[in-house]
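You will see two complexes here that share chain A, one where it goes with chain B and one where it goes with chain C.
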Partner chain A sequence: MHFQINTPIAIFLALACCTVPPTTSATSGLEVMQQVNARDDGNMIQRRFVLELTNKDGKTKTEKTRSYRRYFGDEKRTVIFYEEPTRVRGTGFLTFDYPDPSVDDDQWLYLPALRKVRRISASDRGDYFLGTDFTYEDIKKEQKVEIDDYTFTDKGMEYLDGRTLHVVEGVPVNEQIEDELGYSRAIWYVDPTIWMSRKTELYDVNGNHAKTITIEVVEVIDGIITATRILATNHKTGHSTRLTFSDVDYQSDVPESLFTQARLRRGL
Partner chain B sequence: MDQIHAMYFETKATRGFLTLLRYRWAVLAMTFVMIGMMARYIPTLQRDTSSDAFMQPDSPALIYKEKMESVFGLTDPLVIAIVSQDPKGVFFPEALSLVETLTKQVERIPYIDPDRVTSLATENNITGTEEGIVTDPFFDKNAERFTAPVGTQARANEIRNAINQFPLLQGSLVSRDGKATIIAAELLDEDSGTAAYEAFLAIVENADLPENIALHVAGEGAVSGYLSVYIDRDARKLNPMAGLIITFVLLLAFFSLRAAVLPNLIVFATVSGSFGMMAASETSFYVITNGLVVNLIGIAVADSIHIISEYYRLLRANPDLDKKRLVAMSMSAMWRPITLTSITTVAGFLALAFSSVMPPVYYFGLFGALGVFLAWVYSMTLLPCAMLVWPTKRLPYPFKHKESSKPSSNLAEKLMTALGRTVLNRPKTVVAISALLTTVVIVGSSLVVVDEARIESFKSTEAIFQADKAINQTMDGVYNLDVMIDSHVSEGLFNPQTLRDIEALQHFMETLPGVNGTTSVVDYVKQLHKAVQGGQPEYYRIPDNEALIGQLFFLYGASADPTDFEEEVDYDYQRALIRAQVDNDRYINNKIVVPALEEWIRNNLNRDDLTATVTGRVTVNYYWIQGIDQATLASITISFIAVATVAMCVFRSLTLGAIAAVPVGLAVLFVYGIMGFLGIPLGVGTSMFAAIAIGLSIDFAIHTLDKIREITHQFGFDNTALLTLFPSTGRALLFNFMAVAGGFGVLATSDVPPLIKFGSLVAIAVTVAFVASMTLLPALIMLIKPNALKPTFETEQAYALSN
Partner chain C sequence: MIRIVAIMIVLMWWSQSQAHAQGLDFRGTLSLEMALETEHREIQKADFVFRPELQGEFGSIGNFTLIGMARFDPADALEPGQPDASNDVRSSMNQRFLLGEDIDAELREAYVDFYWDDAFVRIGKQQVVWGQADGLRVLDAVNPLHFREFILGDFEQRRIPTWMVNIEKPIADAVLQFLWIPDKTYNDTPRSGTYSFKQTTVESNTSPDITSVLINKPNRFIKDDDFGVRVNGFYQGWDWSLNYLYVYDDMPVTRQRRGTDRQYDVTQNYERTHLLGGSASNAFGKVTLRLETGWLSDRFVTVENERDWIDVTRVSEISYVVGLDYQVSGDLLLSTQLFQSVLLDTPKDVNRDGTETNLTLLARHDFLNDSAELEALLMMNANDGDGVLQLSFEYAYSDHVLIGVGADVFFGKQEGRFGQFDKADRVTLMFSYGF
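Our next item is the complex of A and B:
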């Protein structure tokens, strides 16, 4: 599995939003989601991200990282270095996300106090990403959706916060997928001007309202539509995670040498 | 003797009751409106069967526990235990497959949070290798560290070996002997415990079980949920039965429809009034409140028995008097003793209320007192008016004359007269026998111990009781003894010394009786430390490096759901929870464990920068039963003094007050003696009996003394005159006793063992009080001849002349 938080959803402006006019109501749920998946997210990216974790009592923990992602053909590699809090500074995660879904991702961890790189087991799609309210699937798909996972239904258009959005419902195609994802139903509120779900409602395998993922800020960076602030709220635990991206750069080269165990040990 | 009542003919009381009867329709209308107004609240009555309800909401033990639950996000789980008799334990393919199937089914129960189900099917085996850390789901077919295919004996063996290397799961997820494993689930909403418990039972009943495997459903979530249903079901059985038994006693006493219907009307009015007020005041219906229903039925009927007895006796003596006068005369004769006994019973209930620290007992006393008051009001107003408007004026069979010259003829009267003759002829023997019995029961009382276990609220044949037993025998225990550690600063738990102190505390806790295992964040730190060091066993220890500890915490946090760790540490890594699993919840054990732990902490964790608080279910239960331990004697003393004082005021005599208290004291002593000899411990149900028994028992003494005084004032201490006590008041007391003892005796058929004990003990106490009032009390009067009972001058003269 891969976890690559960093690369925000991106589309080439030209390809996606601006050139495609808002769809008509005849568009099917599947077509809407295909449009979403057609966005480009850039070949390589470097950025900072801040994780703000808030528990049900309103206590907040903040973690700051630098992260890099690069495609090696169809294989996606990601590295994350923690900068704050101080006690974990230098801690790093390296992930190789292979295109063949039957091959598990590779993951390595570096703990500076141990001075050793350790390989760690691949995470499942429904596992929580680095102790946040996002799952690995939520992060790795970068606001896209695995088309084969769901049966989509068009629920029409809805007016929300000054925007007209496509409402699409997705139900996992079988119980195995449902168990893997941990969701029995998802509802996307897709903004046709950017082909991104502004709000996503997720329901657990028992149909309880489990989570809401909201895109709070979207920016166009280097011509790519990028969500730079995303909030995930877990309705069952009252816990929430806000992901804020900054210094997003799709242009500069991300050297291949960053994605090695040696570099993980050495840090930035 | 019946002619004596003619004296009341023109008393103020008679005139007062005649006035009341003149407005009978208005009185009836008003009382029915009052009953209706109170009864309409009953449907809003809220049930609270939690054991925390027994603590004062502001008691420190409860506050600490609630704070701990809030800090660490704890909820009471429901548990399925899979217990195996197979030599391989649960480690064979069919058993493991059952765990997987049941886990999936449990996850689909609507009241369950599917993300918070824990079993072998959801947990990961975490191991360290040369390269790194491997996390493998036990049942994953692609697991790295398991080589044998899922569903084979070889895989089952691999899983067993893995668990042997994983101390965190031993005793908590899988029993140490491998004979049992559990599936634990958390509720989305704790109020849905009952429904979830039923869903669990349905799953268990429909499960296809391999040979040698048994399933049990338990857990605090299940107990609270089911207890509420259980109590409800019990009440639906008990209350009508109490009503039936009392109606039967009434029919036996009077052979009259009127005498069966009217007291039931009073019972209905009293019970609906008390419980209506309970609902209106938003007081909860607790486990023990069930006993109050039966209690009030017994009490409410007693007043009616005395009034109706008197009515029939007057009717027999004065068949030509009109009904209105007869009713007024009966009321005039009985209002005083009934008022006095009501006052003393109220005093007993109030003493119970104000001497108890437990809210359910407090409200039991308070609403018991209200019920007695309502029964008195209705007996003084509704009953005479209803008697008057009752269409017939028939003298029922037991009161009919067989021979006109012999006024008393029914069996009960004959029996009581025979008893009276024996007592009055041999007062010294009666006192001697009583003294001997008293000595014996005092010895028995000294053997009484305080003990209580909540699971014993269920009968031992109940599935939940057996589940509790089975799980506690195989696993480390379902009861929690907790210590909350507060390091006072954010990330204070990264300090290696703090973790070592926690570890030492855990070691001590594991030496305590009943404690079979402990869990804390230290176990996770050690497990992760070993895992990151290539799985080498020597690294199963706390690192000396504070930064590494911080990073291990981080690693754990990064590998789980953000709230996964909250049961062990708080959000700032400032506070930690140490949880010991205890296999029983008996007070006898708790009172050793909790003080020992508190003392160890005082002596060994004496650091300024660290606070340790003992808490958890076991601690809370220890403190509330300790309340019983300390409050019972106070409660008995207060109740006893209250009723004795009332009796002294009533009779305006210290001696008579003291004599009235004798049957009461004996009743309580007898019950303690029986408890001591039979090894029945003093618990929640049993501790309440004394105050209630005191309030009820005094009635017998007061009725008896009131009648004796009436007789001796006129005729002195004359055997023949005193003998009339027995067929008159004695007979009424016999049926009063039968109704009360029968009502409480019904509780003996309850399915709730504390109520069985409570009911039986009160029934025994009432029996002793009745017997003592009819034997020891007249015998003492004969021997002591108290001044307060001596004839007044005029009556003495008259008596002398008549002889």
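Our next item is the complex of A and C:
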């Protein structure tokens, strides 16, 4: 069952479901981001998502997918099957994301034109994900942050769009991380009622304002707070990507066999 | 022509809505693929191609897929006239439907999928692709090929899908695949046309003085069927597979004997062979390593002699591919492959080098948020120093429309596999509408 978080009932449910209480303004930036990372994202999930890619002229292309994610211990496996449009239908993407950050993900891509599952190198975390304005890191972390990547600074509270939000600034801990992420600075506007960053401002390695990620809709689904519409706007190219999730299901079993090359090749 | 295309688009829309109403998924592409031969400034092909695809479920048991292809090519230069069906390379259940000289159609794929316990079963006409190499075949030998455009064009369209039973069963952390292929369809090589083979190494060779050709094609049920087994898995970062095929080589072996009055008798036989091999791949940072090897028990090579005979001798052959992909950035991929095939126990006077070496170099750049792709692929034969450079640019104008331009430039000596088409360079144009 789905509820819009901006309805009074859903807000009540969100607060009731959230085991983590809101913090005070004295909370450090690190603690805020630890709360963000502590948010429950379910052991397994299946969902559809639609990607709307809009260029600077306002022309939009739409891609429809089905995706599945499941934890195998601390290891996270994700598989995405493209359904629309016809030119990308059948394309599949499988990732094994290991808990040790020093171990590269294993990734495979199935391209129907080749009829082969291709092993692909672990992308730089700052590479853009399959033509979108989200990076692989953005997609992988699902509104969370790799704590070890940043030094956090609490920038206090800010009132934005009717909400009081924690403002946290993050600076990569070293140049290597900066290069990997493609960001020199990030500012998160974290909503303490849901422990998600409602808005994230990202700056490239030259310090230019590169991108804004905005969570447009949040729902409580199966008791888990879920961002169901997210917009990434690339300020350098004028391109934007809106990611809309639907049919989100945390409760149905996601078979382990889905996360195999054979299944990637066969499709759903 | 415009009227036909308009009618087809209306029919596509109508079919799609009807299929959707029935719980079926109907989609496909309508495309125009043109090629202009630069040397003679002639249109080499003007393919109007319709590729419909219908998918559906039969209850909770499984699902089915039907993929067709209908092509109208008024240029008629790749397979001039009505393609000769008398060579009989396709089985009776794998025939193309030919309408006049310009139209051909075929049921490309037709299969049902279901699970039998934990085993996945696919029965019907299908493509099965093995191996890790791109554009070079070592283990990708399950399906025969159509050489209408020599090596040009997508492998997916060049492979001839065959009727088979395909079972994949998980065993521990691996998957065991079993193939039974009763469909006796082999490589389809046009006898004439722009890219008809001229070399003896790849041609179903004949001489002007030949008076009779006898083609012996396998036809016994089970005994002449092809079989394959593959085990593949993932272990400590490595994708691996072990492959075995017991098949008839898709290219017939030609033997020519002088008869009476300067006449020649030619026989073409399909010969059995065992293909045993494996593949592996792993990623190391931005580099992906791909390996593939195969041992062919029975390779027949032409032997030169002084009596104008085309004789052959049986050898075994080992082939391998080493591929390296370097993901320079999220948008730029560089890839190279080394392919070698080595004849074991090379006989004297054999009409090919004991070791053949091919190299490929690929650069692919995506931009405009993956809406556009620029690609350059160089394939070279190191023995003859010939090759082909393929350039292409594709742009997804919208969700439904894909347009592309390209060029295929052959170079090298006339005796070479690629160089023989040095006069057949071409530029290409593609427009595709997907629904």
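What we mean here is this: the second predicted complex is superposed on the first by the 247 of 268 C-alpha atoms of A that agree within 3 Å, B and C clash if a C-alpha of one lies under 4 Å from a C-alpha of the other, contacts with A are read in each partner's own complex, and residues count from 1 in each chain.
Everything that follows uses one rule, which is that a contact is a pair of C-beta atoms (placed from the backbone, for glycine too) under 8 Å apart; a residue touches a chain by one contact, two chains touch by 3 or more.
In this text the structure is predicted, and so the values were computed from the model without any measurement.
Student: Between chain B and chain C, positioned on chain A by superposition, is the outcome a clash or a fit?
Tutor: Clash.
Student: Taking the superposition on A as described, I'd like to know which of chain B and chain C A:K236 touches: first, second, both or neither.
Tutor: The first partner, chain B, only.
Student: For A:F49, is the partner it touches chain B (first), chain C (second), both, or none of the two (neither)?
Tutor: In the superposition, A:F49 contacts neither chain B nor chain C.
Student: For A:L130, select first, second, both or neither according to whether it touches chain B, chain C, the two together, or no partner.
Tutor: Both partners.
Student: Return first, second, both or neither, reflecting whether A:S121 touches chain B, chain C, both chains, or no partner chain.
Tutor: In the superposition, A:S121 contacts both chain B and chain C.
Student: Touch test for A:F245: chain B only (first), chain C only (second), both, or neither?
Tutor: After superposition on chain A, A:F245 lies in contact with neither partner.
Student: Mind working out whether A:D104 is in touch with chain B, chain C, both or neither, as first, second, both or neither?
Tutor: Touch status of A:D104: both partners.
Student: Which of the two partners, first being chain B and second being chain C, lies in contact with A:Y150: first, second, both, or neither?
Tutor: Neither partner.
Student: Check the residue A:D57 against both partner chains and state whether it touches chain B (first), chain C (second), both, or neither.
Tutor: First partner only.
Student: What is the contact status of A:E84 with respect to chain B (first) and chain C (second): first, second, both, or neither?
Tutor: second
Student: Any idea which of 77-85, 149-157, 527-535 or 617-625 of chain B is the one running into chain C?
Tutor: Once both complexes are placed on chain A, chain B clashes with chain C in 527-535.
Student: Identify the overlap between the chain B-contacting and the chain C-contacting residues of chain A.
Tutor: 53, 55, 59, 61, 87, 104, 108, 112-114, 116, 119-121, 128, 130-133, 237, 239
Student: Can you list the residues on chain A that touch chain C in the complex?
Tutor: 53, 55, 59, 61-63, 84-87, 89, 104, 106-108, 112-116, 119-124, 127-128, 130-133, 237, 239, 257, 260-262, 266
Student: Touching residues of chain B toward chain A in the complex: what are they?
Tutor: Counting only chain B, the residues touching chain A are 73, 107-110, 112-115, 131-136, 142, 144, 188, 491, 494, 532-533, 543, 545, 547-548, 550-552, 554-555, 557-564, 566, 571-572.
Student: Under the definition above, what is the set of chain C residues touching chain A in their complex?
Tutor: Chain C reaches chain A through residues 27-29, 113, 120, 127, 129, 131-132, 134, 154-156, 168, 170, 175, 232, 234, 237, 239, 281-288, 290, 325, 327, 329-331, 366, 368-371, 396, 398-400, 402, 432, 434-435.
Student: Residues of chain A touching chain B in their complex?
Tutor: Residues 53, 55-57, 59, 61, 87-88, 91, 104, 108-109, 111-114, 116-121, 128, 130-133, 182, 204-208, 210, 234, 236-237, 239, 241 of chain A touch chain B in their complex.
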